[in-house]
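Paired with subunit B in one complex and with subunit C in the other, subunit A is shared by the two complexes that follow.
For the complex of A and B:
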């Protein structure tokens, strides 16, 4: 009886603490978020960004291929035509409206794959929490990279 | 329907599968019988083959007496090769696959790969064929040719020359189908370009079709430019309500907003074509000033009100109004809306003052079906194709009845029909007419009488010489026209033609055994007439006991202050002519109710302004000018509280004690109970391609009354 108690109760507890004790020597894996942040892998897929060319012109041409590729149907694109007075992108066409519903997005990165100009990319900003549902609709202004 | 004719057939094999096909059928069509497909660009089933793109290359051989197949040394173009006895066609050998890859590589050598910004991207035959049959990479490293992009060919069509693959579909369309021959090829060889002559505007009433048949994005719609991509759009089957033809269309919409119209195949009506009014004339769905709630006039201002208040106010002004109230309705409303409105007017308003015609409509006893027992629409658009001769009288068909025009032209182009055109002014149909009779304005009836005398071989005063003296049509031309029209055929005219001429033509058509088509000008003119939106006709064409006022009478009575209340349903009174009379009429009416989708000029006079749901925003059926009843479901959502007219009418009726009606199918069963023509329709057929109302049949009587009409000329 007493042998059974030792084998089934006391021994696992002691050996369990043993594992903990051995790990004490190793480096810590937890980080003190939000004071410190873990470095993201280079190809992490988080928040979308609409990138620009070095000239400052938008890469996005409003082709809607991202919306077509999106399995969650969370992208809405409306295109318009560039004029010489109001030029947004190099060619004939630019995206007049570009919206992503972040509540629907599954961060699969298909939009990035589909994009013929490399305009939409998924970058490393993962802090996407918000208070209002409406705030999860990311507009073109929010997505567009600032001019460097 | 043509009688069954024995067709000569030949035995061929396609990929070693034996097949019996009609002799002379093109290889590209024959393989479709097996469910196979030969990729094509320049070939179009409704156009003559030219073999310009070489995409349809197949291997062809012939069975030898020893059973082996001896192949031709070179691949053959399937679109120009008719089948013949013993032919063996191979559509998927290695050689054919290699040939297709080669052709596509050449086509793509100069085709810019700007698919992401091309409006055709996603529904492009070049993309699809390249994906299915093309090489995965190109070996061309040279510069592609550079040509003008986005060149405006007309206000509707944009030409991108870089994308053109010189298939010639657009050029052949304007030559073979629309007949305006506006497009042609400039230059030769690699620098060949489709363009208008002298680089003028592409002025055609059917220009939108070239956008749809272009196999690449060379011809695109200026209105749809960059508006959406095909995968963004939802597509619903619809009916055009801006022309009287009942053209079948695909209604493309995005996020509840109308985007574009494409042709939908209906062999009986439009084949697959659309006219520009149909293709580009539906923008009113997106009008910025659409009404979304009822409005009440308070002094100078309009204030939003509820439907409940509006219904009460309208009922207070109209109920039991008798001779003191009147309603004008639009002949573009659905059958259901027109029927419910006339029922409301007769049962609740207790008056017959309802009309849909602009002015000067015929009284019950003056209409062809009642006066002579002749069917005013005695044939269909499709019938015209096989009419031996066609007389187009007093109508600019391309403007008024675009799909009838295309069918008349097809009858001439494909079946050799002789066409005679008689009109005051030049029309598109003149270009292929055997004889053109240009008469002086106002002398249409005399020309009609002269033609009748020659065709029906009757005696009378309208000899060609007499006709010449009155109408200016040379006597020889009239005789030539009669000779050209021969013994049978069809007579096509429209309701715009004044009464005596149409009457004479109808009788002449009856006397000579011709089909007579007297076509109405709006999407539902036939429905409005058949369902009683007339002052002297009840649903089913029954004569009303006491006739109410017609449009002219209503406006006159209103101007004289005799009308207490007037309701305009989808009608801008100022479009009815005589602006002075209309403005006096609208000013002198105590209560003016205007129902429309946007504020019209008449709305400025309104006491109440009610929002109207447009045809694609409600379920409804429409009776086209050939009396084909077709159905369109609710495709879009009406803005705000806008309602279909049948709903408004039923609410008013229900408020005054009638049994409520909850759906359009209930309205249709009400229609069936009073209009036997409509009762014979099957809803499944109405939805699938439309069903023709039964022909009234000829029961001619009182034909001698024509002498009276002729005597009056």
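For the complex of A and C:
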């Protein structure tokens, strides 16, 4: 079998570029991340938020069930009593301190499942990277939803 | 881990620091700094250091959907001699720690470290005898990425943030340029 320039060189090159040319018509798959975000799945679990009732009172009652359910032991809750002068939540108690170590957290959502009042929810904000270890202790002020 | 004070740049207005015009550095040097930092930040070659499941997301980050090549980081190198940034992707076991340290030492300066995921950053759920509780006990970490595992866009956010950090570094010392960037708590530690 002899060497043929057309059959062995030109034809494979043309057919190879043909595949490339056909792919040019296909949709572009790359998400241009900082400018555009991909659509997150509805049950995506990322940054925690402590929610409020419509009245503005906090849902969290400081029961520490989230801390008990946490497999990484990254939640710390310290409860205090509500008084009529300083009322934070509808029940007897509220969380005086609520801290999450975001570096320990594995975003499993067990805290969300364990919460009896639906106070802690995991939302879709994934941009959590930071420079210092100390920046990852999220306090109650950082987690709490602003009053609408 | 307590913060080591010797890593801070200690100076005041009377002691000129290279690359810091506000505190008496030369203009030429600061311009060179900007040039070098742009070159360094926009061609970060990561070292292939996948230790566990986070590596799957790291591979996904360089694939077509997310395409880390848009930030100049697509060239994953299998040798530390050619790498700029080490992405510690996964739990770091105590047997692996000396290996990690040796590979980090083999990387040429300037070098940076991304601690990817809960396990590499703090040990995560593996609070046991076998896992190092935070890779910063072995190597200096520049940026931490929480998540288990972090999604490709979360890692990409960290790479962009690391680029911002590199663009504000002084070329010669490889340290942050201005003491003004430090937080008040650290300043108090320096004074004490």
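Quick note on the criterion: the second predicted complex is superposed on the first by the 124 of 148 C-alpha atoms of A that agree within 3 Å, B and C clash if a C-alpha of one lies under 4 Å from a C-alpha of the other, contacts with A are read in each partner's own complex, and residues count from 1 in each chain.
Here is the rule we use: contacts are C-beta pairs under 8 Å (C-beta built on N, C-alpha and C of every residue); 3 or more make two chains touch, one makes a residue touch a chain.
In this text, all values refer to a predicted model and were calculated from it rather than measured experimentally.
For A:101, using the defined touch cut-off, is the partner it touches subunit B, subunit C, both, or neither? Pick first, second, both or neither.
After superposing on A, A:101 lies in contact with subunit C but is clear of subunit B.
Once the shared chain is lined up, is A:87 touching subunit B (first), subunit C (second), both, or neither of them?
Touch partners of A:87: none, neither subunit B nor subunit C.
Could you let me know whether more residues of subunit A are touched by subunit B or by subunit C?
Looking at subunit A, the partner in contact with more of its residues is C.
Could you look at A:7 and tell me whether it touches subunit B, subunit C, both or neither (first, second, both, neither)?
In the superposed model, A:7 contacts neither subunit B nor subunit C.
First (subunit B), second (subunit C), both or neither: which does A:23 touch?
Neither subunit B nor subunit C is touched by A:23.
Using the superposition on chain A as set up above, list the residues of subunit A that contact both subunit B and subunit C.
Common interface on subunit A, subunit B vs subunit C: nothing in common.
Which part of subunit C faces subunit A closely enough to touch in the complex?
Touching subunit A: residues 1, 64-67, 70, 118, 121-125, 127, 134, 136, 142-148, 150-151, 153-154, 156-158, 160-161, 165, 183 of subunit C.
Sort out for me which residues of subunit A touch subunit B in the complex.
61-65, 67-68, 76-81, 91-93, 116-117
Can you list the subunit A residues touching subunit C in their complex?
Result: residues 29-34, 37-38, 46, 71-73, 101-108, 126-133, 136 of subunit A touch subunit C.
Can you name the residues of subunit B that touch subunit A in the complex?
114, 116-117, 121-122, 149-150, 225-229, 231-232, 255
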